[in-house]
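Each of the next two complexes has chain A plus one more chain, namely chain B in the first and chain C in the second.
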Partner chain A sequence: MERMTNTLARIAIVLALFALWEVLSRMGIVNPRLLPSASDTLATLCDLLRRASVRNDLLVTATEVLAAFALAVPVGALIGFLVAENRYFADVTKPLLFFAFSIPKSIFLPMFILVFGVGFSQKVGFGFFSTIFIVIMSTTTAVESIKVEYLTVARSYGATAIQTAWRVYLPSMLPVLLEALRISMIFNLTGVILAEMYASRDGIGHQIATWGENFQMKQLLAGVVMIAVIAIAFNEMIRWVETRCSHWRT
Partner chain B sequence: MQPLANVTPLRSPPRAGAIQINDVGQVYKARGQDVLALSQVSLDIKPGRFVVLVGPSGCGKSTLLMMLAGLRQPTSGTILINGTPITQPDPDRVGVVFQEASLFPWLTAEDNVEFPLALRGVSKAERRARAEEALKLVGLEGFGKRHPQELSGGMKQRVSIARGLVQDPPVLLMDEPFAALDEQTRMTMGDELLRIWAATGKTVVFVTHSLTEAVYLADEVVVMSARPGRIVDQLQIPLPRPRTYEMLSGDAFSSLRDRIWRHIRKSA
Partner chain C sequence: MKPSTLRRLIVIALIALWEILPRTGLVPELFLPSLSSTLKAGFTEAGEYGQALLVTLYEVGVSMAFACGGGILLGALVGSLPRPRVLIMPMVSSLYAVPLVILYPVFTVWLGIGSESKIAFASIYGFLPTMLATAAGIQTIDPQLLLAARSMGATLTQRLVRVVLPAAIPTVLSGLRIGGALVIVGVVVSEMLISSAGIGYLISRYRTILDSPHVFAGVLLVLAMAVAFNAAIKWIERKCAIWQTGTRGAQATDDDVATGAMQPAT
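This part shows the complex of A and B:
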């Protein structure tokens, strides 16, 4: 019951924001050229989604995002795992990882363009670079979240290395790993779209930048809504899996 | 995997649980120096006995228990269980009950109890049947579907005991299993453990800090001294069984507890 009223309240807030947006624009309180109304924006969004060029841009971006994600997650997880499992390696490299993590990744973007040129590999490369550090650090946290007691129990009942990995490591790490996956995607999406906005020939990030430069506010806002919906949808999907796998976490 | 179906469940062959600890020493390195954790420990435990290890912190009683479990190797000397050396964990011979919070929170109570069987590839149907039986033995019939976080501290340790017993090993090792429980639950669990012990005929080696608990449960209390850990006394507890709450205030009980306390105060 409480969950339902909360959901209703949330929907009400979102609707109220859209209504406020509509009113501000329609009444001319904010210059409609700077802020086209919500209804105009949504109409433009539908129109854009029907265009083959926009659909192609979305496909390009999606491919880049997925490629970067598919590279960064396993590679980062492997490095994170090795770092956490080897005490000496962890002691040596952990501060360095923290250094690397603290640097804003965007300052390296010009270098990616110089090395890879403008194109697919530059954007995937930058997306990978933006994501891998958070994956490494989250995996390290996930490995460290495994209690020694659990490993002792497995050992005392004669578990093999594979059984320990499968029956203790994996279920124990799963909640933290899923959370890491979710947060990694936020970094990944930001990286790829930033790379597209900075220098690109296609992709939805490139389109958004172009609409902005040409003062096409309706298209610009429609693009913003589009990316927001996609990002939220992915995030919620993982969160749904997360709650199903982490019921035991307190 | 040998067939388990025809074995009378939870009742080991009567002579299987003999433990011989012969002149065991344990040395570990700390800051480049050799530290003697255990020295010349010898102990002969007959099958079906309830033996409690007590001693000040750092006397190596938990280390000794971990060696009996095959989780650590003695630096010198030998440990025989059922006549053969224990060089690695052997769940056929030894079940271990750990301190609190050793259950896997992502598994239900029955899945936790089944865990040792699942590792050995026992079929699902047999696993379930044996887990149910073990849970029934520890008084948790009908709680199999709960997760550990839905159980009280005492119930969690009952699940741990069921997990230790599910493969029907002749020896049950218990490392301060009730240390985190409140006083009342601890007393109840002590009685429960004695009931389970009487019903199964296991050899139990039990580590505790509580002298009252030691005297109340044991056939024999082994007192150890600190650094290096060695056995300073072995007391037979002649109190009749079943043990009752009234015995706690009797003179026999107090004098046994006082004798252990004098040893520990001297060596701590």
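This part shows the complex of A and C:
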């Protein structure tokens, strides 16, 4: 019951924000040319989604994001696993990884352009680069979250390496790993879209930057709403899986 | 070999490779200019970089005041009131998933390409994580302290100022660290995208004329800024930890926790 009211209240807040946006623009309190009304923006959004060029841009961005993700997650997870399992290696590399993790990645974007040019590989490369450190860090945390008792029990009952991996490591790590996937996707998406906005020929980020440069406010705001909705939807989807997975976990 | 020795060797080797690889031509100078030529490029144009640094620092300073001030204030407010917390926090954290870079074109249309749009963008960029961290930290406050204050008849303001804020200082500082790092990123990124001044602008301009040493000099400068900021926050954390725990021994463990603190920055 309480969850229901909370959800309703949240929907009400979102609707109120949209209503405020609509009123501000319609009443002329802010210049409608600078802030087209919410209804106009949503209408433009529907119009945009019907355009082949916009769909193509979305497809390009999605491919780049998925490629970077598919590369960064296994590689990062492997490195993170090795770091967490080997004590000496961990002592050596952890501070370095922490440092690499904490420095801003976006300033290296020009370097990717110098090396890869302006294209698909540069976006994937930068997405990979901005995602991998968070994957490494989270995998390390995930491995460290495994209770030693479980491992001891498994070992004393004579579990094979595969059994230990499948029955102990994976279930213990799963919730942390899902959280990691969610957060790395945020980083990945930001990285790819930033790369597209900075220098690109296609992709939705490039399109948004172009709309901004041409003062096409309706299209620009529609694009912002579109990306926000996609990002939030994906985020909530993984969160939903997360809660399902932690159900059976004590 | 001790881990720290090996680590130092790795760092030295990396720096040496940075100098050797471009010099021997194994990596083209365009991709990675050698360390010496990067530093030389930085020093010959020191005046230009200094000017840009001033612009960037000004923007970072103002945005940090907005992002951290607003984030800590709102985070404390939302975190300490149960009803809004349950209602709003999930919304804020799903908002966190949105790549905020896409808002920058909107700000350039509204505020022009001067400092204002950078400040607006970087403030928003740093605001959400600071608010999330502060609100989460407020929740970890020992309820006993609040109960004691309430039973002695403290008003809401008194509870906030005398109990919640002092108890939340460590969390607020970690929020400040995340938010501050993001503010630096936000300012530099927005300068790189569209602007007419600042370090990000220099990086972008030199990139378009393929002058890698100058690009790297700018990148090094931003890195130095980020590292200096981190060190400053750590220093404040240490100062605060002294009056909090009272003992030096406890402070050492605090430092370990601080180095393990997650700090994302794209």
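Basically, the second predicted complex is superposed on the first by the 247 of 250 C-alpha atoms of A that agree within 3 Å, B and C clash if a C-alpha of one lies under 4 Å from a C-alpha of the other, contacts with A are read in each partner's own complex, and residues count from 1 in each chain.
Simple rule for what comes next: contacts are C-beta pairs under 8 Å (C-beta built on N, C-alpha and C of every residue); 3 or more make two chains touch, one makes a residue touch a chain.
Remember, it's a predicted structure, so these values are computed and weren't measured experimentally.
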### Task
For A:M217, decide between first (touching chain B), second (touching chain C), both and neither.
second
### Query
In the superposed arrangement, does A:G125 touch chain B (first), chain C (second), both or neither?
neither
#### Entry: Touch count on chain A, higher of chain B and chain C
C
### Query
Between chain B (first) and chain C (second), which does A:R167 come into contact with in this model arrangement: first, second, both, or neither?
first
### Query
What is the contact status of A:G76 with respect to chain B (first) and chain C (second): first, second, both, or neither?
neither
### Partner chain in contact with A:S156 - chain B first, chain C second, else both or neither
first
### Which superposed partner A:F234 touches (first chain B, second chain C, both, neither)
second
### Query
Can A:L96 be said to touch chain B (first), chain C (second), both, or neither?
second
#### Entry: Doubly contacted residues of chain A, that is, touched by chain B and again by chain C
none
### Query
chain B touches which residues of chain A in the complex?
147, 149-150, 152-160, 163, 167-168, 171-172, 174, 247-250
### Message
Applying the document's contact rule, which stretches of chain C touch chain A when the two form their complex?
### Response
3-4, 6-7, 10-11, 30-32, 86-88, 90-91, 94-106, 108-110, 181, 184-185, 188-189, 192-194, 200, 203-204, 207, 210, 212, 215-216, 218-219, 222-223, 226-227, 230, 259-260, 262-266
### Summary
So, in the complex, the side of chain A touching chain C is made of residues 6, 9-10, 13-14, 34, 88, 91-93, 95-96, 98, 101-111, 113-115, 130, 134, 137, 182-183, 186-187, 189-191, 193-194, 197-198, 205, 208-209, 211-213, 215, 217, 220-221, 223-224, 227-228, 231-232, 234-236, 239
#### Entry: Contact set on chain B toward chain A in their complex
69-71, 88-91, 94, 96, 98-99, 101-102, 104-107, 115-116, 118-120, 147-149
